[in-house]
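The following pair of complexes shares a single chain, subunit A, combined with subunit B in the former and subunit C in the latter.
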Partner chain A sequence: MLKQYPTLRYILQRGGWYFITFVVAVAINFYLPRLGSNNPVKIIMGNTSQGLSSEAVKEKEEKYLKEFGLVKVKNGKIVRNEDGSPVKASILEQFISYVGMCFKGDLGTSFQKYPKKVLDVIKDAVPWTIALQLPTILFGWIVGNVLGALAAYKRGIFDRVFFPVSLLLSSLPFFVFGMLLVYQFAVVWDCFPAMGGYAGDLIPTFSWTFFSSAAYHYVLPFFSIFLIAAGGQAIGMRSMGIYELGTDYIKYAKWLGLKETRIIAYLFRNAMLPQLTGLALSLGTMIGGALITEMIFSYPGLGMAMLTAIQNNNYPMIQGCTLLITVCVLIANFTVDILIGFLDPRVKAGLQIGKGN
Partner chain B sequence: MKQFLSLFKSPMFVIGFSLFIGTLLLALLGPLVFNITTERVGVQYAPPSGKYWFGCDDLGRDYVSLLIKGLQASLYVGFLAGIIATTLGTLLGIYGGFKGGLVDDIINMVTNLFIVIPSIVIIILISASFSEGRSLTLIAVIIGMTAWTWSARAVRAQSSALKSKDHISLAKMNGANTFAVITLHILPYLASYVFMVFILQVATGILTEAAISMIGLGPLDTVSLGTILNQAKNNGALSDGIWWAFMPATVIITIVVFALYLINTSAEGVFNPRLRK
Partner chain C sequence: MNRNFKFKGLIAGALLCGLIGCGGGEKKASTTKESDAGSPFPRSKTLYLAGSQWGDPTTFNPMADIWASTWPVGKGAFNLVYEPLLSFNALDGKFEPCLGTLVSKSGDEIVIDINPEAKWSDGQKVTSADVKFINEIGRRFKDAPTAINAEYFTEIKVEKVQNNGVETERLTFVVEKKVRNNPLIVLDHITQTRIYPAHVWEKALADNGNDLSAVQKIQVDGSAVVSGPYKTEAATNEKIVLKRRDDYWGNKALFGGKMPAPEFIIHPIFKSNDAFAIALQKGELDGSQTFIPRIWMKQKDGVKTWFDQAPYFLAGALPIFVMNTTKAPTNDKNFRRAMAAAINYNDVKELAVSGYSPDIQPGLIMAGIGMEGKYFNADDAKQFGVSYDPALAKKILADAGYKSVYKADGTLDYMTDKKGTKLPTLFIKSPAGWSDWEAIVTIAVKGLRAAGIDAREGFVDASLYWPARGSGDFDILLTKPDNAVLPSTPWSRFFQVMTSSTWRPIGQNMNENYGRYNNPKSKEFNPMVEKLLKEIPTISDPAKLAEAYRALNKIFMMEQPAIPLAYLPEQFYEFSESRWTGWPTAANPYAPPLLPWVGASTKILWQLQLAK
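== the complex of A and B ==
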């Protein structure tokens, strides 16, 4: 089947594989929160039921049980035993109703911001996360790669200073770096705000005051991610560059007496491939990656939303965020696989050989 | 063994190794030198003084004690998670790569599956579901169980390349069983590689624990460097400029991780001749 279209077959193969992975990921996302305490409703009830009459408590509990799909529901009503207690749904039935709801785009209801839907909370938060992460990752990637390639090619004194610095930068846990930035720039020198995505007395609107305030609040979080991302990229590019410098085609090019810029161009092109996949992957982990940075700066993105959800045992919210993170990572990986199929001649050759069987 | 001794010729390795031994000694011998107590000894956020070198936290506890306990906890998590992840990854990787066939396919599939599903998601979900009785050991086990995948993939690639070497065929002809071939003829070749994987896994374990604790899902039974930072942030010490609440802990984490990275990078340079120049 599809023998004459190796590329299409490759794409379908990878697509099928990622679908299986997706199903497993959804199953994990469904099952793990039910692992420690078998009934999330009990935890929520413990937090919210104080000061309510026993009637109200029961009503509330049944409402939650229904929302979580923990009890059997028929025609919108809870199926009851003879003594009036709700019939429990089996784990398989729970899973089916969970998957059904996910496909409808219904990730449940947030317990903190009741009755706001989880999906709406996520929709509010995601733009902030993307605005913070996307430019940071791209700039960090470009700057890091250029510096790394230079270090690999020049070696000598530049490399000897540059390499330990970027190693130290990338081994500095990024959240630690963020805290140091806050302390130095926001507390000691007091020249940048310590927290928030915009001044507290503003409401997000399309106005100059709002944008300038947002830009002002953007500086510290940006640098806390940027420098470390650039350092990590530079290290990767440096070792790739050194590896490529030892290969035969570079030696050959040098013997031929090609111009230095030409050789660097060849070198860059070949060392670039793993870096490109690295870029796609870090774009995929973007949503989940800023969790702690956002927490330190109290930045109003998804990380902060998830953090408050964790602090309040807001299970539907946590599950919604983790599902979103997983889906983004899966999509990024799938894209990388397809890209490599087109860009890497070795994979292409493998596909052509595979034609015969 | 010889190749491990040659590590000491690399200045980078010596620096990293001494830094790491230094932190290890601080964690092990600290309790003998300092009087470790988690009782209230001073006022809230008492500044550093001759008696309490790094001041006190929001509950008036001595930071030197907390930091030493935290360092012990972080190293414990790092080593436990590192040992679990490296052992699992190495065994599965070698076995799959050496056996080939269906066993290899299954192991490979599971590995690839869990490489793609972000481990931080799994760690958050499990930690969040254990809202009571979340111990340091549990966190280390969770980290170890989610971090083995990439070492399995890397080791598998190495061992399947070794599979077709002559000395392996010879050993098989002599009637050596799978276990003997793996332990006597494959593992020694991978020793330097597994060592590097282990070092990285320890660093990952320490960083992951700190990150998890930072978002408030840390151990409930002890202090760790991550929980110290979490409290500094939550109680407003960071925005109030109380530097002794977070600076020493950040410096310690950075030193440990930097030391481990130095060891790993220098080992790469020694074991992989191509990087030498």
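== the complex of A and C ==
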């Protein structure tokens, strides 16, 4: 089937695999938080039972269990065991109702931010997370790779300075580097704000004041990720480049007397493949947020929301976030798979053979 | 719970604090770039305070469950948008007027006049209907907030009286005498319960088919009908903004026509603890309620506290180790007393809580502190209590037949009881990441092991800690029985720690006495404890009251169901005078050291002045 359209077949094949991965990932993300004995309603009740009689506590607990779909409900009433205790909904039943809700675009209500909807929490946080992560990852990747390839090819003094610096940057933990930035630029020199996504005396609006303030607050968090990301990429690219330089095809190209730019182009294209996969992964996971950066700079974003959700076994919130991350990782990987299909001569060759059959 | 110190600090946070503390010796409070012109909230009109709201704002609906709603509506006696009848001043033990004025109180009834000037923001008067609505909602809905408190009074009687020619509604809270008989709880309830407009919420209930759950989900914004001096202006995940209500009734009735100084109050929501210290030092935050270690290193940057030297803060809370008395060896009072003698309280004070604590005395009464200090008896403490004394700890253990078994390298291996049975390692359960609580546990473990007691740190996620606490799923548990200094303190602390009147077996939830001390069904049941707990709230004679507290504290010291660890601030209160001056301090104690929205401290807002 589709033998005459190898590219389409390749895309469909990949797509099929990704769909299966998606279903499995969603199921696992749903199942894992429920493995523990700690029910999130219990955690809520630990905070709310003071000042209530024990019957009221029971009533309230059942109200929440029902609201969050953790017990069986028939005609709006909780189904009960013989001793009057509510019948727990099995994980499969919970999963079916969850999937049903998802199709209606409802990710449920957050336990911890009750009565806020999970979707609203995500909507509030995601723009900040993307604004912080996307440019840092992309720029970090591009700058890192270009410098890495240059270092690999030029060697000499450039490499001797560049390599240790990149190594230092990439091995610095995010939080140490972030804190050093805060200390130097916000506390000692006092030229950049220490925290927040925008000035403390503003409310987000579509105004010049707000955007300029957001840009000003963006500088330190940006560099805290960017430099480290670029350093890491550069090291990877440099080693790949050096490896490729030693391969037969480059030697052959040199013997053939090809132009240097042509050789670098070949080199870059081959060395880039693993880097591209790395990019896809980091783009996919970026939505999960830069937790450490958020904490150090009190920067808005999804990382903190996810951390508290996990700490509190906030099922709907965990599910919402992991769903988003799963979708993003898969889409990013899928895109890269397709791209590699066009870029990698070996994959192309595979396709050609497919055509031949 | 424990809103006043929630230090989810990374170690990184501590590191950063250290860095900042050590560096920049000659630096003054910084001049942070501000744009008074472009900002909707000019710095000269805005007060920045933090520490009462930790996550994203969720709902400003006052009817929502207390745990779910957001500052300034949520838990804590925040008086900015809704107000109680009375505010309790923990400094002098007086009840200060708010929506009402205290006329008289006795063991049988508490009489309060509604302030005839009190008005809602929609112009309607605050009436007895409003007071009755929230106070009695627990009789209509069992799961309404503070429902159980309604069992402590039988009714609220209303009569009309003339006060200097002004017709005033007089309320009488009649204390329920047969079952509960506890006027202290009624007083706590009156000072902690804020009054909501009945005409608004009765209508909401009617519109929603009398379904409280549905009403609790209604989203409320700044247009809500309130009685307090501020209203919510804006809320994002990064901050909550309140705006002054210039037509607030109390300006004239309570403050001689003055308005609160700040036009806006902004509560920034930070994600880590060190953000507060930095913001205070930079003058971006005017006041905060967070644990900042080594506060003296911040003084040069203008960060101030109640006292300008140790212990810096006014104590009011007593963290304790609760012992699980249902299993060996913590069911043996000798063992518990040995533990109390093995902990180095001075180390706890100096190392875990940065010295923010006066020296601790044995017993459950905080010696020399606030209104309860007068009940402390030094002779009893000496005779019946145990202080840090490693030799005594070893002696008590040896006398009771406990043996410590050491490994070849000299470290403690395990313990045996007098029958020679090997005892399990005891874990001290405490929430992971609360840095000063972790430090308390670590120091205690060091002392306990040195005395030959096989105890270890048991740090768990807060989400596991809360359910374990109520159900008694622990060996030893670190907890803090006081959430605030209330009219009922220290009775409420004794009740929290010692009562078995609400007995539930291990596995079921209990909100008091987590360690299941004094099982009413056991042979060793001591009826005296319950008798004293029941009597104290009804005693009005000061000499008899002191006698009763003395007797109860004596039982506590002899039985040691829990181990008090340090006298901590009730709520940390740090401020900076770089923008606003006039904060209460030990030298000028016109209000308790709390942020200016908690109870009787709200009046700070009328005393603040712009710094020159």
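Things to note:
Rule of thumb we're sticking to: the second predicted complex is superposed on the first by the 319 of 357 C-alpha atoms of A that agree within 3 Å, B and C clash if a C-alpha of one lies under 4 Å from a C-alpha of the other, contacts with A are read in each partner's own complex, and residues count from 1 in each chain.
The criterion applied here is as follows: contacts are C-beta pairs under 8 Å (C-beta built on N, C-alpha and C of every residue); 3 or more make two chains touch, one makes a residue touch a chain.
Only a predicted model underlies this, so the values are computations on that prediction, with no experimental measurement involved.
Aligning the shared subunit A places subunit B and subunit C in steric conflict.
In the superposition on chain A, contact of A:Leu92 is made with neither subunit B nor subunit C. In the overlay built on the shared chain, the residue A:Leu32 is in contact with subunit B alone; subunit C does not reach it.
When both complexes are overlaid on chain A, the residue A:Gln311 reaches subunit B and subunit C alike. In the superposition on chain A, A:Val187 makes contact with both subunit B and subunit C.
Judged by the touch definition given at the top, the superposed model places A:Met195 against both subunit B and subunit C.
Legend: residue contacts after superposition of the two complexes on their common chain; A:Ile296 is shown touching both subunit B and subunit C.
Contact with subunit C, but none with subunit B, is seen for A:Thr209 once the two complexes are overlaid on the shared chain. Once the two complexes are laid over each other on the shared chain, residue contacts for A:Met179 go to subunit B and to subunit C alike. Looking at subunit A, you'll find residues 43, 175-176, 179, 182-183, 186-188, 194-195, 292, 295-296, 311, 313 touch subunit B in one structure and subunit C in the other.
Put simply, subunit A touches subunit B in their complex at residues 17-18, 20-21, 24-25, 28-29, 32-37, 43, 155, 167-168, 170-173, 175-176, 179-180, 182-183, 186-188, 194-195, 239, 242-243, 246, 285, 288, 291-292, 295-296, 306-307, 310-311, 313, 315, 318-319, 322, 325-326, 329-330, 333.
Residues 112-113, 116-118, 120-122, 124-126, 128-132, 203, 207, 210-211, 214-217, 229, 232-233, 238-241, 243, 246-247, 250, 253-254, 257-258, 260-262, 265, 274-275, 277 of subunit B are the ones touching subunit A in the complex. On the subunit A side of its complex with subunit C, the touching residues are 38, 40, 42-57, 59-60, 63, 67, 112-116, 121, 124-125, 175-176, 179, 182-183, 186-188, 190, 193-204, 209, 213, 292, 294-296, 298-300, 304-305, 308, 311-313. The part of subunit C that touches subunit A in the complex is made up of residues 1, 10, 12, 15-16, 19-20, 23-24, 27, 30-35, 38-43, 46, 48, 55-56, 58-59, 64-68, 142-143, 145-149, 151, 213, 216-217, 234, 236-239, 241, 266, 268, 270-272, 275, 278-279, 281-282, 284, 461-464, 466-467, 469-470, 504, 509, 511.
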